[in-house]
């Protein structure tokens, strides 16, 4: 028999009392330390917590989800909105082309994206970044996004970059929970209610196209765009990934994306590349077209071209 | 002699084993209580910082869309290595039938358990939505296996944890019962765990080196480099632990396992340095845009140089450790060996943590240079998880040592 | 004496009152082939420009047609450039290659334009005039690869509006004006840094 083994059935020793007190104290300290989690849990309803993956939602589920998001937006942002979930259009494959001979780096697309997609106002968040590059050079190393002078500057070219909607997207493959995938119309979407926020997709993307909600987005009620899509510009929760979705709440209704309409130089051409009569197909056939980082094999649906 | 009788006996003795472990883990000297109180305090600071991060969002870290992984994932990566490094005791003990190593191999297994717990904690605190953790569970969630390397990592890490928990638990329990462990109940698991240890660090390297958009990580040398640095850091930690047990707690441990581990580190530390040198040569001699990250790490880029002091410290520590390990006094002088181990451990922590993760994001994929220095919250959470890991390690040792030394036995003995 | 203060710059949709009508020949061939349901509206000038009169006794904001003055004065063909003018159109900046005024303006009727071969072109159809020199731009425009567009990419769902030449290009100085970026991301830890990037 071990000498240190306590005989059972006796009155608690002093040591046991001290131990018990220490455990109680520790538990109380732990409860106090962890208490801010309650603030997080407050904003989280049971329905939100238990929501199934987007692809597993029935039509009834989806109606409920859309209605809930509308209610939550009203409650949290004081703004009425209409959340829809337009499906991909059959026979449509979206693509984008930007004329780098025309783009002058004015950044209107960046701002249009910011407003259209209910981005965080504090950070001027946007899915688009415009790089100022040395003219005639595609060396990103010599570029920057922080230029602040009249454009186009002498000897500079401009390169707007957003999600390239790759046909071989590295970002969807790495997601451990299938929270991001490529839709039949070519748009890579994120299920904001399924993403766990590991940011592996952000590491995998070669185009800096993905954004993380480091905090809850701040948007004044009168600036909330009420025309919202479940997989696009509905206000995103804290702690999840988001990315350019080609304004699918607009484009799946046949409209042009916000950035295309906002471009004052007419450098942006958007459309259905599956349609042989589309403007895009003419550009692909007749212009000097290239894609970014072609060597990575990501097969972008996003093209850049120059005039003659 | 039927199984039923044995089961009935286990149903009584196993709870007693658990109770005894609980008692052992809460009893000790004033130094032990002091140490555990300190760890608890640091742990609570970490818990609180993490709770704030949950409530306010990860904006309280200094990670950004440019550097989207930081101190947490750096520690995770390093600790996977520490967990895998324990296998450097298992291989001599079981494959080379080193008797004396066999007696202390449980140290390596306990270290693996503690390190994996820390890995899982670091991944959890890095999640933006830990409340959605269940989305990964097959059946109720959607587990993107086998496409996502992260799902492989989840499987191998948890598998490695279970393997080691089983081996450690089984050995302790049989010792507690006063029986000789039955090899068929643990040797196959140990053999699997050897391969598994290699796999956890290989898969963790594959998380990074499979990303074509991050040239700094996109190297076939990454997994071998991970393994060699793991086989430096893991044994270094074990050596220091054994020196502590031997010198401070005056446990009658043989010196031979320490010498074996020093011999192993003498090789791995050199291979690790060789691999770093190969990487550095390839990066800088080739030149071009893909060198930018290495340029940033070692010399700074466009006037930004937050990591330069870190990496040169790491290299200095690694070289110092190599020199000390290779010297004769590493075998004879416990103080020299301790310094060598601490230098090696810290050197690998920097090199494989901050020195590997952060430059993958600098410059960004659009070649913007945004620097990253961890925030106070990140340091608090990190310290909390290390305190938690050390608690697990301390308690496990506290339980294992008396049981292994035969001091603790199921009572009354038949 | 009436002083013509200058010709209004034809930039921006607001310059064109009606938003324009559809011209079958300006609908891109591709869209036409696809069985268009909704029209492609092309912005067009509503007619000849009117010129602001800045003289005493006339209410401010009064405009007159070009022919009001030009009908009574024969053109001085020795005036090839604005520098040559010693009265009227003072301060008008023309930076349009080597073109002279009468390369585009019709000296027989200032309320219309003329092609290089002398055939008249209405102001509403100014694209036909531009296109005779700027063939590649006209070609690109016809194929949707030049010029801003708003509305629907899918014409079976809704209409589209397209800019035409003088929406964006001042015919007297057609280079697209420089702009100042007004909206920049506010990134943590990425402040514009003089020493970074040259």
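Just so it is clear, A, B and C label the chains in written order, and each chain counts residues from 1 on its own.
Note that in this section a contact is a pair of C-beta atoms (placed from the backbone, for glycine too) under 8 Å apart; a residue touches a chain by one contact, two chains touch by 3 or more.
Since the model is a prediction, treat every value here as computed from it, not as a measurement.
The greatest centre-to-centre gap from chain B, using C-alpha centroids, is found for C. More contacting C-beta pairs link the chains of A-C than the other of the two pairs A-C and B-C. Averaging Cα coordinates per chain places chain A and chain B 33 Å apart. Chain C has its Cα centroid 39 Å from the Cα centroid of chain A. Look at where the CA atoms of chain B average out and do the same for chain C: the two points lie 69 Å apart. With touch defined as above, residues shared between interfaces to two or more other chains in chain C number as follows: 187-188, 190, 193, 196-197. For chain B, residues touching at least two other chains, in rising order: 64-66, 368. Multi-chain contact residues, meaning those touching two or more other chains, occur in chain A at positions 129, 143-145.
On chain B, the positions that touch chain A within their shared complex are 20, 23, 26-27, 40, 44-45, 47-48, 51-52, 54-59, 61, 63-66, 68-69, 123, 126-133, 135-136, 141-144, 147-151, 154, 207-208, 211-214, 289, 292, 360-361, 363-368, 407-409, 411-413.
By the touch rule above, chain A contacts chain C in their complex via residues 89, 97, 99, 102, 104-108, 110-111, 114, 122-126, 129, 142-152, 251, 253-256, 260-261, 263-266, 269-272, 275, 277-279, 281-283, 286-287, 307-308. Chain contact summary for the complex, chain B toward chain C: residues 62, 64-66, 302-304, 368-372.
Residues 187-190, 193, 195-197 of chain C touch chain B in their complex.
Residues of chain A that touch chain B in their complex: 1-2, 4-6, 15, 19, 26, 29-30, 32-37, 39-41, 44, 49, 53, 129, 131, 139-141, 143-145, 161, 170, 173-179, 194-200, 202-208, 210-216, 237-241, 293, 296-298.
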